[in-house]
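Note that chain A is present in both complexes that follow, paired respectively with chain B and with chain C.
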Partner chain A sequence: MIEIEDLTFQYRESDAPVIEDMSLSIPSGAFAGIIGAAGSGKSTLTYALNGIVPHCYPGDFYGSVRIDGNDTCDTTLTDLSQMVGSVCQDIDSQFVSAVVEDEMLYGLENYGVPHDQIEGRVQEALEAMGIADLRQRLIASLSGGQKQKVAIASILAMRPSVLVLDEPTAELDPASSRNVFALLSHYAEAHGTTVVVVEQKIALLSEFTDLLVVVEAGRIRFAGAPEEVLAHSEELLEIGVNCPRCTTLMNRLAAGGLYAGPVCTDVPSACRALCEVAA
Partner chain B sequence: MDGFLEYVPGNSFLHRLNPVTKIAFAIMFAIACFCTGNLVFLCLMLALGLALAASCSMMRQTLGLMRAVLAFSLVLAVLLLLTTPKGDLLVELPWGYIGSDSILAAVVTVIRLEAAAIPLFLTFYVTKMTDLSNSFVKVLHVPYRYAFTFASTVHFIPVFMNDMRGIMEAQTARGVEFDQGGMVRKIRLMVPLCVPLLISSVRKTNSSAIAAEVRGFNLRTRESGYKRYPMTGADWAVIALGVVVLAAAIALSLL
Partner chain C sequence: MIEFLDVHASYDGTTPILKGIDLTIEDGEFVAFVGTNGAGKSTAMRLVNGLLKPDRGAVLIDGVPTTQLKTSELARRVGFLFQNPDRQICSSTVRDELLFGFQAVGRLDDEARRRVDQIIEEFRFDGDADPFLLNRGTRQLLALASIVVLAPPVVVLDEPTTGLDFCECVKVMGIISQLHRAGTTVIMVCHDMEVVADFAERVVVMTDGRVVDQGPTFDVLRNRKTLDEADLVPPQMVDVSLLLPVMEPRFAGTSVATANTLAEMQAAIEDVAAGGAAAMAASEKDALDDVPFQGSERKER
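Moving on, here comes the complex of A and B:
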């Protein structure tokens, strides 16, 4: 679904490439997570996926990004937006309406979705994010977490085949963050949507993603299943990515020869592994 | 919510009117106020404006607007007093005099501005910006990009005001005394803050434009709008009232 080949991008006003020689393949229906230290090029990578780079931010663009076979450089932003739904980091700037219902309608009206389908899509997206009761609320009166859900729901209503989210849980507490990931995961599975999410909460990524990509200084340092990537907990720590503590603990036990099982990505699996070690 | 120019939900008669009716009536009302200098008529217009505000429970916000308009209109009124020597001499000035008609002209200016502002102001409080822009597209056939530009401009006014408030609070926390001294000192302190406000405003509008574009802004047509804005009997009645008010003002000005 998403093919990135030798991508290098440098903003016109910057001195060095933000993304350098990046290649990545994300299959259709995958739930991919991108993580990395601040300034490592994560957001620019999302811009490359939804076409904002190079269509809105000019610069030197080398290599290619293909979404379902369409080169993002040759496809207009409007055409790309029909395939790729985006939730940006600054959600307040994404809102164009004062009321949740109008925000939901915005994209559907623009794309000329038949009017007899609109109500169903709006309701489905609101229910998918668990915010059906917020439909008539003023966006300005919502909490940060509710706004995040509205922003995601307004994109889900357009039923994109690819969903790109830049730190969608930045303003959420851990429980709400997990709730958003669970809702997203459930929706993506039900609709076959490919999801690419930039996130700093690695525990969430390791729990929900099929593919975990670690970016360092514009390059992909690790990419693979969460278990494969988290096996490098020491290297991840060096580049500013903290692994879940249970993973770090079990990796250290493994390094000391005390544990030889698979990488533990969550607390229950680490508990089971520790019990085995103790036994 | 009662932020400046932010929609206040409700189900009053004004809320239910077609957005085009509201803006058309407000414009006719404002033009009528400027067509005549008849003080009695203007007082009636002011009373009508206040009645409209009361009908949609917007008196508090309206009185706040009237205070702001009063400050502006008083400046104009004083200028008129000092520069239009008319009527019976009341106070001698080195360059002329203040006459009885000068006072009348000053009072008319204040009442006229107060009366003209109220319906326009109410329109924004009882109408969602998206409804206003969508109805322009559906009913008046205004191209969507112009209607969206208008709606976005109004949408950003409270956003930028909140940003300015945030910047001022941050500066206050660092010891800048905005509450000390007079208006000139306050303005002098605020001028340097316009730079960060301008930068954040440009960033926000740029992000907003990109967000709109990646949601198919360029594909929008008049037919693709979901909501319909039919003109009802009440809408035509209100427009007829606006025409009558405007005609009366023009007739008074010709008499």
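Moving on, here comes the complex of A and C:
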């Protein structure tokens, strides 16, 4: 469980807070998506979850962030990093090894995971991301999608209770993006892992998340189930968040009195609703 | 005009990436290349600006093979925007970055400086800023501006909207659209099918180093079979338009079955719901009016 209470953070060199009076609670096992314009504070929010803020960035920190009851200000980064696994926006900056297997072993060995558990954890994480066959490959020889899966698998092997990912599909094609989300969602459900993902692809977020958080200028503008949040398509557009087009279509038909059902977040649900409109 | 004549290409001379591409891109066209990661799209782009030369076949620019054109001549004819702006930006100020292209082609004169000042004003940049301290979207705009400033007749854009938020994406595509309207040939690799549908005039689908389909944008995007084979999903309104008439016979034969854009689909549905037999003809495609892509207009001075 993640509990953020009245969080305000301002980087030392900056003249305004990047996060302001933010309160949010993410239940254990939830798949939460964060969306917002560039500079709205999304990445800083992920730093506040994994403890990089306040431990590594000097600045003014008010309020609190608790991960499974542990206040991030009072918990060492070493301890936090075992609860919260992070996958960076630029995955190439995360890799420390040349070969996939070595990358998988790096975290496990450095945290002193007992030797007899290591093999099982490596294999499980590779299989969870569907890349067991890449184990002996050079990371440099992998495609963008494969690298992304290696980065995620190497964190899954640490078995964190919270997984934080910053734009994990930015460089991937639509099929690989969806595949990464499907694998993540499946793993998280099976292991009770809480997932927090920053992502610009709203269609993916609306399909996979059960909590969608829209951040605007350091504050939470909307938070709730995707269908609740996406009901505000026109307001979202004003703050630089574009809904999936089928959502916008159905919301416009609803505004014109032609449709009164629930908000549609994907093409199949929009088509079913449109059949009712025609009937 | 750019011509690919039976082009085979590889990076190491042994592993083929492009396996026989035949393609012609006319002056002033806006062509989008789509396909999964690894299909060969970026490789095809590198052949257009001569970063890579074909193993077999030829790439002709205005009738001249890229193997016979000097790098500076290629750079003058084809501007190239890399997927990651950080692979492109190399100067310590925004102004120097914009001047770099002129320096590289030996045209660093007063006219070049005037042009750079003009671009700085148009893009609302701070000329003295350090490019590496700008945010991702502004770095992407700077990389784009460093090409626009040279006014090449052809621009090649490798995923120009990757990693940008919606507003930044609107801004970048607005500038690209402006270039195209002014007569520049635009060749773009793009994963976002909504952007492809909104802006491209022609779409080329690539799979495993080959071109598997090409044609006017919506002819290609409505070809479900080919898209499925290429592991691509059509833009949402096209998807709805293809699915609805199958799910509900009342939609068959109406303008729902031909609607491509949000505005067309909304009008078509309203028409069917109103019981109108004379379904409104699909309005002329007007991407900028359809969805919220409203780039700013460049002003003449």
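Everything below uses one rule, namely that the second predicted complex is superposed on the first by the 279 of 279 C-alpha atoms of A that agree within 3 Å, B and C clash if a C-alpha of one lies under 4 Å from a C-alpha of the other, contacts with A are read in each partner's own complex, and residues count from 1 in each chain.
Keep this in mind: a contact is a pair of C-beta atoms (placed from the backbone, for glycine too) under 8 Å apart; a residue touches a chain by one contact, two chains touch by 3 or more.
Keep in mind that what you see is a predicted model, and the values were worked out from it rather than measured.
K.L.:
Which partner does A:166 reach: the first (chain B), the second (chain C), both, or neither?
P.N.:
So A:166 meets neither chain B nor chain C here.
K.L.:
Determine, under the contact definition given at the top, whether A:242 touches first (chain B), second (chain C), both, or neither.
P.N.:
In the superposition, A:242 contacts chain C only.
K.L.:
Would you check which partner chain A:270 touches, where first means chain B only, second means chain C only, and both and neither mean what they say?
P.N.:
In the superposition, A:270 touches chain C alone.
K.L.:
Contacts for A:97 in the overlay, against chain B (first) and chain C (second): which applies, first, second, both or neither?
P.N.:
first
K.L.:
Which holds for A:175: it touches chain B only (first), chain C only (second), both, or neither?
P.N.:
second
K.L.:
Where does A:200 make contact in the superposed view: on chain B (first), on chain C (second), on both, or on neither?
P.N.:
second
K.L.:
After the superposition on A, what does A:216 contact: first (chain B), second (chain C), both or neither?
P.N.:
Neither partner.
K.L.:
I'd like to know which partner A:52 touches here: chain B for first, chain C for second, both or neither.
P.N.:
Touch status of A:52: first partner only.
K.L.:
Considering only touches as defined above, state whether A:20 meets chain B (first), chain C (second), both or neither.
P.N.:
A:20: touches no partner chain.
K.L.:
Considering only the defined contacts, which chain C positions touch chain A in the complex?
P.N.:
Per the stated touch rule, the residues are 35-38, 83, 135-137, 159, 162-168, 191, 193-194, 231-233, 235-237, 239-240, 243-244, 247-248, 250-251, 262, 265-266, 269-270, 272-273, 291-292.
K.L.:
Which chain A residues qualify as touching chain B in the complex?
P.N.:
Per the stated touch rule, the residues are 50-52, 56, 77-78, 80-82, 84, 86, 88, 90, 92-94, 96-99, 102, 105-113, 115, 118, 136, 138, 140-141, 154-155, 158.
K.L.:
Which residues, counting only chain B, touch chain A once they are in their complex?
P.N.:
It is residues 1, 3, 6-7, 9, 128-131, 148, 151-152, 155, 159, 204, 207-208, 210-221, 223-227 of chain B that touch chain A.
K.L.:
Using the touch definition from the top, list the residues of chain A that touch chain C in their complex.
P.N.:
Contacts found on chain A: 36-39, 143-145, 167, 170-176, 200, 203, 237, 240-242, 244-246, 248-249, 252-253, 256, 258, 267-268, 270-272, 274-275, 277-279.
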